[in-house]
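There are two complexes below, and they share chain A, which is joined by chain B in the first and by chain C in the second.
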Partner chain A sequence: MSVLGWRALLVFALLAALPLVPGMSRYYLLLAFDALLFGAIAMSLDLLMGYTGLVSFGHAAFYGLGAYATAILMERGVQSVWACVGFAALVVSYFATARRGIYFALLTLIFAEVVYTFFRYTQTFGGSDGIQGLPDATVLPGLVIDTPTRKYYLVLAYLLIAYAICRVVVASHFGRVLVAIRENEDRARFLGYNVPRYKMGACMISALLTGVGGAIYPMRSAFATPDLMLWTESGEFIISVMIGGLGTLVGPIIGGAFFTILRDKVSSIVDWYFIVIGGVLIVIVLFMPRGLLGLRRIFSRRAAA
Partner chain B sequence: MILEVDAVSKRFGALTALNRVGFAVDEGQIFSVIGPNGAGKSTLFNVVSGLFAPDAGRVRFRGVDITGLPPERVNRLGLAKTFQITNIFPEISVLDNVRVAAQSRTPESGRLVSLWRRPDVDGVACALLETFGLGARRDAHARDLSHGEQRYLEICVALATDPRLLLLDEPTAGMTPGETRDATALVRKVVLERGLTLLLIEHDMSVVMGISDRVAVLHFGEKIAEGTPEAIRSDPRVIEAYLGGGDD
Partner chain C sequence: MDYVLTVLLPQLLHGLVFAAALGLLALGLTVIFGLLGVMNFAHGELYMLGAYAGIAVIGVAHSFWVALIAAPILVGLVAAVTEMTTLRPIYRREPLYGLILTFGLALVFREGARQIWGGDMRRVLPPFTGSTPLLGMTYPNYRLFLLAASSLILFALWLFFTRTRAGVVVRAAVQDAEMLDGLGVDVRRVFTLTFAASGALAALAGLLLAPIFTVYPQMGVEMILLAFIVVILGGMGSMGGSVVAAFIIGVAQSLFSLWMNPQRVAIAIFGIMIVVLIVRPRGLFGREGVLE
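Take a look at the complex of A and B:
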């Protein structure tokens, strides 16, 4: 637990207490689910964007593949969370490594668009409707993820594990090399590091965590649709990382949650919510280049002065 | 013999940057390559260190043919280099610059455990920074160092990979004459203490003459002379090509 530090544990304890808040409705619990899931995926993307200096315009493909992995198993009567998550991890790692030759293409829109087109325009997995009407998942025999509270705890557990993994990785030998690659790729080569291998490793870990996040989504929504892999979804992950603050892990979690809640609130009032979100993004980029988490520095500097 | 460069040629389009250049560096030697700007010195370093594959010729390092090997492989065999234009990791701390280089030689490096373990290389890293007078600056961002400090940091980063052969590409570029003298003396001291072999590119003759065991002179991509500093100083071709060439 020393990996997480007492502040992170405190935050997780507070998050765990959220369903106990009086008057917490089903609607808000599911919104909290979405916020934390989006935050966790933005954090996974931050491994690439913030630490390695690579931008992935195709992360929604990993997310969607994870969701379909769960949906396909559930459709066939497999309801175990573990089986679904394991299968999603296998599928995503296959697509993230199997063809080393197209490794850089993986990071582009093209890969995601190909995957999207396959799921959207072929009837193999339900076409544009995707796979609907899935049953509830089970963690253990008899422990069914059927209530919003249980769904919320499922995503919280995922966030906790994903965060711990990211924390360990960025503090490791490997994580240091990623930062060196971000800072100066050529110099890293002259220190004996096989840069493509490290980039590949970062891409793998990020894709796996994103895929597992995708695998959890149908356990809340009971469906997987091609829209999960749309390029706008990848764009929203990137925006969340930027809103929160690159290279901080915690920042993108906040960014993803903030983005999800903002979108939910604004879209319930107006249809053109993207204009509002775009405006917020511009303000953040202009006035908070380090993202929401960058505010922390401003406050701590004032406190010190 | 630690390094053997055998008839290496490198062309960029119509320009012949190196034409059948050859020399050999003995273990423990300080060997300098001098020549006016554009003589092909940096290209020579880039061929030796693996950035470019030569069009012809071979490079052997500690008995291994390294011709055309990529920089990361050449570095792992024990050859480290610095760059003519400062090449460090700007947005991380001075200590982290040296740490990331030093951990390259730990047993974890390149293995799966490197994903969760962080080797402790602070002892090595701090000792190197102390040697180059950067101990007090270890927590500063590398970009905030002065030019001279950055040049030293770059040498620290190269040395942290524990090389047998160190290639320095104009380490004193941009330094004042006073700084150049200090830097030269310090580099010489460190190289002798660690029993390293040093291959030095210089454009400033005064640096080379003081510390080199042997000097080779490049001019328009060809080696025109090689010998002791005294012999080079009095070689008429060198005087003609280099000293009399109006450079500096």
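Take a look at the complex of A and C:
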């Protein structure tokens, strides 16, 4: 438990108590599910973006592949969560390692576009409709993920595990080398580190965590569609990281949750919510490059002065 | 022989026509890449705005030719204002911020266009119709005009970059803006004007292609992915490379679509890029170290 620290444990305890809040409706529980899932994926992406300095515009592909892995397995009668997650991890890590040194925002973007095109036009996987009407998943024999509360706890468990993994990675020697690569790639290379291998490792961990997040999504929605892989989805992950705060673990979780709730609330009021979201992004880049977490520093500085 | 004349040759010409317009788009993108150090995600939206601005001008002036002059100027102004208000403050920051900022701009422009002009498909009528007998087949006049106009503009740009002082200044800014600043050139003005010109070029490509394609708010998204591939293939930051790569991709796409369905074409184009990058990681004409 020492990997997490008492503050994180306190937050997770509060989150675990969320379904007990009086007046908690099905709608809000599922919104909380989406918020936490988006936050966890943004955190996984930040391992690549904020810590290693590589911007992936293709994370939606990993997310979608995870979702399809679950959907394909469930359609063929496999209902164990663990089998789905394992299969997703396998698929995603295969794709993540197939692209070595030429890892780049645009290559990931085009890679995601090709994966999207493949699923969009392959009738075996349902074409543009995707795979619909999936049954409820089973975690252990007899424990079926069928109510919003159970779904919520499933995503919370995923967030907890993903956060613990990221904490360990960031604090490890491996994580330090990633930061060194971000700060000065040439220097890291001169110090004798195999930079491409470290980048690939970071990419794999990030893609795997994202893929597992994707694998959980159909257990809430009962479907997987090619739209999950659209490049705008990758863009939304990046936006979440930027909103929360680049180069931190907690920031993207907050950013992902904030973004999900903002999108849900704004899109129910106006239909031009993309302008709002684009505007938020521009304002954050221009005036708050540290994201929401940056606000904390401003306030603490004011309090000190 | 019959197959060559009736199927292959027209398709090859279609490819050349498309490639020339794609070259205009990719050239602007690669110059901006040289200046900002990032891909401009909003470039496809400037292309889309060019087509819509053209429709708006045609609605007022009832002339395609007036629109062809006015639309690029209007979009160029939009681009200049955008550059001054949003991009200028972040030039000193990491390229990552520029990438994300232009992504935000793209969202705003696309949704803005959908709010103003609606989401449905629109058409622009070509300014003249009819076709010309050519090499034993007949080919639409407008497409011939499109090929000639785009090629002429590309040639004019080549003259501009090689023969004029302003062109040399822009190339110098692409190479090393700090050095240029040290030599006493107002780099900020160069950046703004270049960004405006690149937007105007994208708008021109958008309006020129509008009579043979359809106009809708998402039209830029599909083109920009192709333009990204072109810029990567040609070598990031190489202007000549972008134009050459535009012709390779344009013709390849046109010929592939004879034998494959559209999604296979997309994957085949991606395949070309991957093969080139494996053999030559810097792209066809790229400088060493930009992408590697």
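Just so it is clear, the second predicted complex is superposed on the first by the 295 of 305 C-alpha atoms of A that agree within 3 Å, B and C clash if a C-alpha of one lies under 4 Å from a C-alpha of the other, contacts with A are read in each partner's own complex, and residues count from 1 in each chain.
What we mean here is this: a residue touches a chain if its C-beta (ideal position, glycine included) is under 8 Å from a C-beta of that chain, and two chains touch if they have at least 3 such contacts.
Source: prediction; values computed, not measured.
Participant: Among the partners chain B and chain C, which is in contact with a greater number of residues of chain A?
Facilitator: Answer, by number of touched residues of chain A: C.
Participant: Check the residue A:Lys265 against both partner chains and state whether it touches chain B (first), chain C (second), both, or neither.
Facilitator: So A:Lys265 meets neither chain B nor chain C here.
Participant: Applying the document's definition of touch, where does A:Leu109 land relative to chain B and chain C: first, second, both, or neither?
Facilitator: second
Participant: Counting only touches as set out at the top, which of chain B and chain C does A:Arg26 meet: first, second, both, neither?
Facilitator: Neither partner.
Participant: Is A:Asn194 contacted by the first partner chain B, the second partner chain C, both or neither?
Facilitator: In the superposed model, A:Asn194 contacts chain B only, not chain C.
Participant: For A:Leu281, decide between first (touching chain B), second (touching chain C), both and neither.
Facilitator: second
Participant: Give one of first, second, both or neither to describe whether A:Asn184 is in contact with chain B, with chain C, with both, or with none.
Facilitator: The first partner, chain B, only.
Participant: Touching A:Arg176, do we find chain B (first), chain C (second), both, or neither?
Facilitator: Touch status of A:Arg176: first partner only.
Participant: Quick one: is A:Tyr121 in contact with chain B, with chain C, with both, or with neither? Answer first, second, both or neither.
Facilitator: In the superposition, A:Tyr121 contacts chain C only.
Participant: Of all residues in chain A, which touch chain B in the complex?
Facilitator: Against chain B, the touching part of chain A is residues 168-169, 171-174, 176-177, 179-180, 183-184, 186-195, 197, 201, 205.
Participant: Within the complex, which stretch of chain C touches chain A?
Facilitator: 39, 86, 89-90, 93, 96-97, 99-101, 103-108, 110-112, 114-115, 221, 225, 228-229, 232, 261, 263, 266-267, 270, 273, 277-278, 281, 291-292
Participant: What residues of chain B sit close enough to touch chain A in their complex?
Facilitator: Its residues touching chain A are 49, 70-72, 75-76, 80-81, 83, 87-92, 96, 99-101, 103-106, 108-110, 114-119, 157-158, 160-161.
Participant: Would you tell me which residues of chain A are touching chain C in their complex?
Facilitator: Contacts found on chain A: 49, 53, 55, 101-102, 104-107, 109-111, 113-114, 117-118, 120-121, 231, 235, 238-239, 242, 246, 272, 274-275, 277-282, 285-286, 289.
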